[in-house]
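Next, two complexes with chain A in common: one pairs it with chain B, the other with chain C.
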Partner chain A sequence: MPDLRTFIIALSLITVSAVLGYALITYGLAPVANQDLVKLSRVYLGTVFNKSSVLWGASPEVVTSIIWDYRGLDTVYETTVFFVAVISALTLFRNVKITPSNTGRGVGMTVIVKTVSKIVFIAIPAVAVSITVHGHLTPGGGFQGGSTFSVASLLMISVFSLNLVVARGWSKEKLLSIRTLGLLSVGFVAFSTPLIASLLGLKGYLMQNLEKPWAPVGWPAEVSLASASSILVSGTLIVLNIAEFVAVSAGLSLIFITLSLPTNVLEEGGGVAR
Partner chain B sequence: MSKEGGGLGRVFVVAGFVFMIYVVFTGALTLVDLIVGFSTAIVVGVLSSDLVVKNSSKAFELRRWVYLLFYTLKYLTVYEFKAHLDVVKRILSPKLPVNPAIVRVPYEVDDEYAVTTIANSITNTPGTVVVDIDVVRKVMYVHWIDAKAVEDFKAREYISEDFEKYATKIFG
Partner chain C sequence: MVIDPYVLTEVLTTLLLMGALIGGILDVIAALGMIRFKDFYLRLHALTVGVIGGSFYPLILLGLYSMIKLPYPSNYYVGGIALTTAFFILITAPAGSHAIARAAHRSKHVPKPAVVDRLREDRESGVMN
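Moving on to the complex of A and B:
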């Protein structure tokens, strides 16, 4: 039987949350930001977001249009950091052999979990690729898409067992090659503009994205396919996103596979003193 | 790869599903999305169809889809409502009339999608939860809030007979 004290505490809690909720709905959602634009935003909206400007960033999204030309730099640095991280991790386990015979028994979870995970497993790549390919229109991108994809690897390892993943041919060498392919593509895109520009005797910048009046070599902002209306591909961004997606998917998957190895295999191959 | 319902049919079924997910998630049907979605679907289909689908010919039988639609509607309305009502009564009753037990519920289907349908149908209705499954002896261990029967087949009559009937028609 609740006493008077409990009753009063409950009543006051209800009152407080009701008052706070009412205040939040009534006043909290009212606009508080200054509606006038500051000078900096005027400059950006007038140049990179303005289609008639020579500095047009070719993006329908304000934030992306502002950081457009920096995105290439961003991707290259992010790929470099990721490259070093993966290489360091693999160096620690450099002598580890990943073969179907040393990756456990391959039992996995129950048939119920496996069946449900199969459906999720094939849906993840679709979502990951969509995030990647729309990286120039939305807050997604190659890194986000690649990380999403690697969840599929993790799901595979935890639900179906590491043994099945390795037995299906996802070897260390294969994943490393796929990752290297992605990295090489990033490098190719970064050097492509200055290379072609120097061959033509023009000015070009490393990682240059769209063409500029003083540096007229760049990747196309829009591509026309057959009779269809032009498609916004946003210069180097879509290529960098796809290359990054490939590199991150393969790199993260390889790390997950390595870290899921049985302890004795890691100890034997890692050169760790016992 | 030349088994019944194997090979290209399997790839087609998986690719169709992946393409559908792609379009729904993207929320657009531009030319680029069609091309990218199609290629993604084909790659995923080729790489994983042998793992995901055993017999794709079932996916082309209209009768199964009609049963699937019918069962989905019936499950979400009739079975869910009955089970919720029963548990709500137990919760609201001051006497707390529960008689919990873990019972063994046998099943007879072979297809893993059918087994999963039965198991998830049992778990998703309040009052019963599948806690383990033994695929060799073909029994599920079900926690039941009000064990009306503890004998295997008697329990199945109460818990999963209807689910199994539809699961067989859809996936079996």
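Moving on to the complex of A and C:
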């Protein structure tokens, strides 16, 4: 005999699916807003989206061009905060040695899970890189791609055991170096335009993306290869996305590897009194 | 008899959408099973009904639907992503439920009316770990 609680749960589930299905069929539950553009979106569409505008962002993904171009310094500070967070998390376990000998038995899960995971391991980094290099065209970007890539390392730890991951050469020093390389690339891109502009005696801004009439040093919006059509790379956006991807994927993978160490290794290395 | 291609397309897409609707019904059934079934392994059955019946078949049908119905550049994009996702759901769902069931058995969760447990016997006698 179903009690009242079960009945209410089932009814709410059915209601949610019915509402979602109705929204899917009729393209929305109701008219969302006034069809006229509000003033803020009018400003954005006139500047960021508009190729004839001086403030053109060179990217159909307005969010990416806002966060890396218009408020790029803010994003650099966010990346720095993430870097410091990784460093401070590793400081707690500063004396931990991550070697194949102290990472437990390398047994992993059964052969069924391993076989399926081998197929998935091809897909996850491919999707992560695709999210990253399409970050200036579609929603996504470096942080999202890096987080997606770190899912692969997390899955690898849980399926193939931490011992195998460490034995394959994912050491602390290597991942930290890759992480630092990504952050240095972000800094290099940020400082490249004012540096070159000051060498040429022109005006240049920190984190400048495209060239402006009053500051004529910038990264190219389009790159033409051997084929006739040119590729939209949106200036610094794709470079910054790739640098952020490298930094975030290495940093999050290192955090996951450190946190999945056996407890006794963490206690010995962290100097925690038992 | 000549069949109008427009009518054929409409009938085909309506059938595909109705099939996708069956997937939604299977999802509701799986949710009810997750609440109502007695023990862990029976609920695992409801879980896989929800994954395969509620995600895999509707994704294939919606992928075909979008390949037929949507305008040119986006039909292969949406349809291809739907079919790729369906493939990955198909291969990961059994592995996931297998891993969950293995974890439950290793943590010595046995349903009440269990009479025979050969896996436990094999494990205790050391045939497999």
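The definition used in the following text is that the second predicted complex is superposed on the first by the 232 of 274 C-alpha atoms of A that agree within 3 Å, B and C clash if a C-alpha of one lies under 4 Å from a C-alpha of the other, contacts with A are read in each partner's own complex, and residues count from 1 in each chain.
Following the convention adopted for this analysis, contacts are C-beta pairs under 8 Å (C-beta built on N, C-alpha and C of every residue); 3 or more make two chains touch, one makes a residue touch a chain.
Not measured: the values here are computed from a predicted model.
In the superposition on chain A, A:I231 makes contact with chain B only, not with chain C. Contacts of A:A126 after superposition on the shared chain: chain B is touched, whereas chain C is not.
Note on chain A: of its two partners chain C and chain B, the one contacting more of its residues is B. With both structures placed on the common chain, the touch criterion links A:S17 to chain C but leaves chain B unconnected. By the touch criterion defined above, A:L199 lies against neither chain B nor chain C after alignment on the C-alpha atoms of chain A. Of the two partner chains placed around the shared chain by superposition, chain C is the only one that A:T6 touches, whereas chain B remains out of contact. In the superposition on chain A, A:H134 makes contact with chain B only, while chain C stays out of contact range.
In the superposition on chain A, contact is made by A:T110 with both chain B and chain C. In the superposition on chain A, A:I87 makes contact with neither chain B nor chain C.
Annotation: chain A residues 110, 112, 115-116, 119, 123 touch chain B in one complex and chain C in the other.
Those residues of chain B that touch chain A in the complex are listed here as 14, 17-19, 21-22, 25-26, 30-33, 36-37, 40-41, 43-44, 48, 51-52, 112-113, 115-116, 119-120, 130, 132-133, 135. Looking at the complex, you find that chain A touches chain B at residues 110-112, 114-116, 118-119, 121-123, 125-127, 129-130, 133-134, 168, 225, 228, 231, 233. Those residues of chain A that touch chain C in the shared complex are 2, 6, 9-10, 13-14, 17, 21, 109-110, 112-113, 115-117, 119-120, 123.
If you check the complex, the residues on chain C that touch chain A are 21, 24, 27-28, 31-32, 35-36, 88, 91-92, 94-95, 98-99, 102.
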